[in-house]
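Dumping the structure here so I can ask a few things about it.
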Amino acid sequence: MGDREVLLEVKKLNVTFGKGKKKFEAIKNVSFQIYKGETFGLVGESGSGKTTIGRAIMRLNEVTSGEILFKGKRINGKIPKDWDREITQKIQMIFQDPMASLNERAKVEYIISEGLINTKKYSNANERQEKVRDALLQVGLLPEFASRFPHEFSGGQRQRIGIARALVMEPEFIIADEPISALDVSIRAQVLNLLTKLQQQKNLTYLFIAHDLSIVRFFTDRTAVIYKGNIVELAETEKIFSNPLHPYTRALLSAVPEPNPYKERSKKMEIYDPSQHHYDKMPPSFVEIEEGHFVLANEEEVERYCEILKMGVSM
Amino acid sequence: ACSEDEEETKEKESVYRIVYSGEIKTLNYLKTSETNEFAVAANLVDGLIEYDKYGVPQPGLAESWESNEDASVWTFNLRKGVKWVDYEGNEVAEVTAHDFVDGLKYVLDAKNESSTAWIATVVKNGSAFYDGEITDFSQVGVKALDDYTLEYTLEGPTPYFLSMLNYVCFFPVYGEFLEEKGDAFGTSKENFLYNGAYLLTDFEPQNKRVLTKNPTYWDKDNVFIDKIEYKYNKEAANVAPELFLRGEVDEAAIPTAILDDWFNDPKKKDLIRQSTTSFYSYFYAFNFDPQFDAEYEPENWKVAVNNKNFRKSLFHALDRVSAMLTEEPYEPESLLNNTITPKNFVDVDGVDYTQLEPLAKFTNNDSFDKDLALEYKEKAMAELQGKATFPVKVLMPYNSGMPDWANRAQVIEQQMENLLGKDYIDIIVYAGPSTGFLGEIRRPGKFAFMEVNWGPDYADPSTYTDPFTTGGTYNKPELAEGYTDTNGQPIYDNMVNKAKAAIDPKERYPLFAEAEAFLIEEAFVVPYKVGGSGYIASRLNPFDAQYSQFGVSNEKFKGRKLLDKPMNNEQFKEAKAQWEKERAQALAEAK
Amino acid sequence: MKETKEKILSIENLVIKFSLRGKVLTAIRDVSLDLYKGESLAIVGESGSGKSVLMKSIMGLLDKNGYIAQGKILYQEKDLAQFKTEKDWLKIRGKEIAMVTQDPMTSLNPLKNIGKQIEEAVVLHQGLKGKEAYEKVLQLLRDVGIQDPERRYKQYPHEFSGGMRQRIVIAIAIACNPKILICDEPTTALDVTIQAQILNLLKTLQEKYQLTTIYITHDLGVVAKVADRVAVMYAGDVIEFGKTDEIFFNAKHPYTWALISALPQLGEKGKELYSIKGTPPNLFKEIKGDAFAPRNPYALKIDFVETPPYFKVSDTHFAKTWLMHPNAPKVEPPEVLKKFFEEGRLYAHGG
Amino acid sequence: MGLYSEEIRNITDKSTEQLFEFAAQDEDQAEKIGYSNYSYWRSTWQSFLKNKVAVTLLILVLALVLFVLIQPYLPNQKSPTEIYLDPDTGYQARNVKPNEDFWFGTNSIGQDLWSRIWAGTRTSLFIGVVVAVVEAIIGIAVGALWGYSRKLEGTITHVYNVFENIPTIIVLILMSLILRPSISTIIIAMCITGWVEMARFIRNQIVILRDREYNLASRTLGTPTSRIILKNLLPYLISIIMLRMSLAIPFAIGSEVFLTYIGLGLPVSEPSLGNLINEGRVLMMSPDLRYQLLFPSIVLSFITISFYIIGNAFADAADPKNHV
Amino acid sequence: MIEYIWKRLLQSVVTLFIIVTAVFLLLRLLPEEGYLGAAADKMTPEQQEIYLTNLGLRDPILVQLGNFYIDLLRGDFGKSITYRTDVPVMDIISDKIMYSLTFGVAAVIVSILIGVPLGILMAQFKGRWLDRLGTGYIVFIVAVPSMVYFLLIQVYITDFFNLPMLFDEDRPITWVLPLISLSLGPIASYAMWMRRYMVDELNKDYIKLARAKGVKERTIMFRHVLRNAFIPLSQYLPATILLTITGSIYIESLYSIPGMGGLLVDAIQRQDNPLVQALVLIFSSLGIIGLFLGDVLMALVDPRIKFGKGESVR
């Protein structure tokens, strides 16, 4: 597993907003790697910093310290123009709100071809049109939709347009920031299916941000759980679900409602109380507790978690 | 307000109320040269002399006077017991001869920026003192021989010096007070001393001012109006007629625009009459030094204007009645002036200056003559063939702040072009700036043919011939081609100098009349009209005011009475005829 | 589960239309629905199916361009559909029926402190004044789990997090002392952990104050957690209703099937998740037959011709699909669902 | 409960056997349902057309503009500056009441008011339109930069504060004094102060819009700022811009009237609504002559009201929220 | 907060400095003729030169500017040149400011008292006759040139009630008409803004919740909407009040009110530089203070706003 090609690496990332008294550390010393071809999940409650990480990779937020490497090369801070252009194209993003992320006053055609115009890859208008057509077909929309405006589409279709917009750039890496939270159940499925299909066809790598663990479980290969700017647990998704170690992960898992009245009624919620840690005495570190399973813990907790692992107790 | 209880005891107070839109900047009569400003001062401060209602000089603060042979040294004996008082009537000092010296000293001190200093330079060494060439004021030709005797020594013979004394620069000031107040002199009713017929009891600029009869005035028996209330209103021109109808004011100028309405309304018709004219003279000037933009072809104009026939064609083509209709639609002729010097300015033995032989033919004939105009046009066309391009562009600016002038310009443009033909002239009506018009247009010579005006500075015909001598800023006739005399000077300058050398009016005036006639005959200017225009409704009798061609006398309320009912136009004309008769008599008697 | 069966509110053949720039849109098409005392009813359905409009009509809070074209809303022998004046409605709003709205961020007046906003309801509906009212507000704040209520009383909405604001909104609804509490997507804007807390809170409050509750949601997980009974809406119509387990494990309408099948929990990693093709119908047009038919893989020809009636599945469970007609071909739900149903029933017996 | 059972009975009779067959599933059909063929501008136009008052006024305004443009070429038109003479007296036909010769009468020097009013309307509309356009261009450019560029924000804010706090009349008067009274002076004077409001307005809108997700999306695609402003931001502002521009026209005309009042307007030889009204103002006291004020006032009021209503109606119509 | 005020103050001073300097320089572009007035004709060029030199206009422009600022720092605004010769500029202004202040404040009060309730009622009865009536009024005010109806009001109303036409401070009745005329415009704009803010506010979610609570519509209007709608208005309020002090040029001229309205126009037209500069300083300061007070007022009524958090430019 360790031999897999690392596509994106985040090293000791810190993001701070504001200055002086209003200073706010949104991301604290976060590190993780994303392998080529996988879907990497990022879960956590609202305000925990998920979007901030995504935007830091997209270079929409400035990084306070730390490094972000794409294919081993740094992409944060000052970088050469060529490289900038390349990663603009290679890393793409799908946004949370399908309505807000489309320019309502532009035709679908422009929205999708916008990136192409910028990279000047297809200077010829016909070629671009062709590309737009392909992209629309790929996301399961009809090419004639190109001449319409976004608000003529349903939520699911809009999100597909957003995906098509990312796809025409022929990216290798896509950050999907809660791409389905704003959609209702029936449309969610459409979008998830589409993302899966595209990944298979194009060997894409996803960073999938969500707060709903049931979706993360269905969709991702590995998952990181983030709490107040710290990654508290990172492992293969199934492992997280079968062996959640960090109390916050467990709380999060217990909070997801099950679509089963019987189960749901018998379920007990765990509440995460950060004061249970005694980090002032013994500061925590991000330890690999078993292969590929990292958790934020101090020595005392590591011992306890190992215990749990051995016993194989799950939720 | 304080007069309320007095009303019961006394007979009804005589109050004259008016709205005005032009505020005064200062009360400092030693500094100002603006009519509306010295008009206030004229009622607050008396000078050496004043005039009666026919224009005969009368003793003011001077009880008597005499001059030497050639009229270059004048001595005045002052009235005793005249007091300087403050605005509440409290006595401050007595008026003495020193006050006149102090006044002149102030005026001639350049740093005081008196805009009337140039008149005071008639006094010996006045100019030198002003320019700083001499610093000792005692060398200047004004002396208090004692408290009640004042002597002026002049630069040269000045037979009309008496009329100059009617001007503010020769007014007295109480030197101690002036010194004490410094720059603040004349900025408020408190910073001012009074020896005139009225006290300024209320002075709120841009709001109101009230003149109240001065109880300590030396001649208070001849002051009949007890109080004069001025109310400021920027829209005075529009609201005054209505205010007059409602009895809120006692005088209102009636704008031309609504005249018809008043004349057609039997109730209003009898309230209005023509207003009296002033000694401002308006005329159209041909510019011999065109400095305007190339787009208006100054070179071509220069060629054309130096052709006498061309000038004469325009001279005769200007239908002045038609132009005058824009401001006086009923009796346009009454305002027209056929000479530069208006009627009733000076006379020789009862013969009005404008009726002197050289001028009489112009005075009694309208310059407008279609046939002559066309005749001259033909001649000019023939002579200028190949020299000038036709139509000749005639740049005719007007002040855009004066709607009447704008209208007049449009009328004239059309009228002259239609008469002379658009193939001959192309009059270009041009809107000049509303402030600094003269400085932008007339003085730099940025016009071809334009309405200009001139007001007299003293009661002598030379005041009207001055603007056209070399150095004048009007139309530079000295540059006209073909008018150089044998001595290398312009013919006109020679004529004026010759006139100036004569002292006796009998000799002097006809010479000036000749010079003036020359200007008209050669069509350097087209006389147009006298100042003052339109109609007013007023409870004042225009013929009981002091009459002076120049200076402040005629601004005085002293001696005036309020009518119960305003004069109508018929009454006005009657009274005018009467007055003219009486005046001729009075003048003859005075000699 | 309560078996009282006492109807507290009854909607009969309700049709609600909106006029929009000259055109008419039918948002609720002939809906009939009963609400029983003490129960908690969940209304599910995709976005735009008319859930909110239905609830707003109960409160008399339809937008100005909307009107009840037909039908009755019976509450305590009064027909709310006939209410016209504000005076009528004031007897119902808050006092009898209260509402928890979807968006806690914008539902509070930003310029009034939290305490005053709750107190307004307390004064209005509980007749308390001054100190008493103040005490009551503190009590309510404590009830909805807000610590340090004295301090919080004086704070303004912007000083609260989303979850806390939602609690305030709930406190306001409770303060009205209503008989019926409508929760219109009370947790959609919140993240899972907070959602769970809020739902638990609502449940406790429901018991404590003996409220009849209506939940509107499109999250079946939420339904499972809180509802006794479920009504499924599609394009302005209730197409199936029944007890929660009946809907979850014995659904009959293909739309309900689709809804459940699309749950990611039912999906298999790497495989396609079930999804409904197409988009909902245009409400401006008249809908003939079963509104879901064009997107229904099991559509019968009659679905395009005739609107199906409610077919009875059990005494408490009805479905509006021709598939239930005796003449209709027998269809089985999709495979995944069958498995889910099995599992569920197992639980039912086990649990 | 009785409600439901009853219906079932009825229905069973109605339905025939063969209807209970599966219908063929057509996926495309499923996708297409629920769409209308929508076009933004067409819808905008259609919503606008629904506002009968605005449409009527628009037609009238267009008619007015057209008329004002062709009026001099129509038969029997008089010159706006020619002074007409009374054939009897040979002097100016002053203050002639409206008659068949002079449809709106003449003014105090015998010029034809009918043609003066249209010439004046022409001038004033020209000033209004030019000012509105220039203001819009400068205002939008500055406002867009101000709102979007964080670097320039401080500087422009300062410039704004300066312009905002110099009393407008000072600038208007100073400009009119320094330059000559003429159409271009008036236009320059008004533009100098006019763009400020527009810029602030655009900036506020852009600040609201600039952090919307779709702009972030464009940034992630590497779209240059200029195009983001042009394509992503300005189209959202078009309705507001139009509204403001349509209000700027009457405002500019109003300012011209004001300038004329304080004596800095166009020369009388150049008819404009401003100086026509100012001339007429003097005559208000005489009932006989009031017609000279009446006509230009009516035209001015009509233009103002029309643009006001049309602008508002258009802004309403351009808001997609109000489209069906 | 304190820090914020300091920063704002500093900014304002810089802004003022720029404004005053700019106006100062602009004034030097005016033709010199203007300083001489009618007297110019009778003055010799030398005399004119002396006059202009005495005014300081012959100094290099930077020296003039420097002198101006030095005097200003000493609190000396200079003396009037052409408006009221040699009278200290501040005396002139202080004579007038009371009238303008009284009229301005009264007009603001009247227009708020009428305009705001009108706007509220229009919002409450949106689309009904009252709303239409109000809109009609607003459109009328916008459309008809004010100089036309002001004059009509003055002439006909005074005629009808037999009132004096001109303002006389000692006769209270003469205050009424100018005040009414002065208020007509602001009433319309207050009504218009109030209506718009109310309608905006009425569409917000919290109003729905309030309705759902069972609060009466009228209570909603007054307890919830009104205050919230006042916030956007409150920001402009001080500025409007302060600027109303400058008065209406036209009304002041019609009724002979000795206020500030015409002063500025006169001062510029007469090129009375010291007066213009002082007035610009005053007006600009008023504007800036108004803006600042607006922000403070807004922060007072709106608990969401804290000072220092992002510099809002309105």
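Going by the order they are written in, the chains are A, B, C, D and E; count residues from 1 in each one.
By definition in this document, a residue touches a chain if its C-beta (ideal position, glycine included) is under 8 Å from a C-beta of that chain, and two chains touch if they have at least 3 such contacts.
Labels paired with UniProt names: A = ATP-binding cassette domain-containing protein; C = ABC transporter ATP-binding protein; D, E = ABC transporter permease.
Computed from a predicted structure; not experimentally measured.
Contact with subunit B and subunit C alike is made by D, E. Hopping across touching chains, the smallest step count from subunit B to subunit D is 1.
Looking at A-D and D-E, the interface holding more C-beta pairs in contact is that of D-E. The mean-CA centres of subunit C and subunit D are about 47 angstrom from one another, to the nearest whole unit. Computed from the mean C-alpha positions, the centre of subunit A lies at a distance of 31 Å from the centre of subunit C. Per-chain Cα centroids separate subunit B from subunit E by 41 Å. Mean C-alpha position of subunit C lies 54 Å from that of subunit E.
Counting partner chains per residue, subunit A has residues 154 touching two or more of them. Within subunit C, contacts with two or more other chains are made by residues 279-280. Those residues of subunit D in touch with two or more other chains are numbered 31, 34-36, 177, 263, 281, 284-285. Contact between chains, using the touch rule, shows up for A-C, A-D, B-D, B-E, C-D, C-E, D-E. Taken in their complex, subunit C has these residues touching subunit D: 12, 20-23, 32, 277-282, 284, 293-306, 308-312, 315, 318, 322, 325-329.
Against subunit C, in their complex, subunit D makes its touches with residues 1, 3-5, 7-8, 10-12, 14-15, 17-23, 25-27, 29-31, 33-36, 47, 50, 322-324. Interface residues of subunit B facing subunit D in the complex, by the touch rule stated above, are 237-238, 241-242, 255-258, 260-261, 264, 321-322, 325-326, 329, 400-401, 403, 406-407, 409-411, 414-415, 429, 431, 433-435.
Of all the residues in subunit A, the ones that touch subunit C in their complex are 45-46, 154-157, 184-190, 192-193, 196-197, 211-215, 217-219, 251-252, 254-266, 269, 272. For subunit B in complex with subunit E, the residues that touch the partner chain are 1, 19, 25-26, 28, 31-34, 110-111, 113, 115-118, 130-131, 183-188, 204-207, 231-235, 238-239, 242-243, 246, 248, 433-440, 457, 473.
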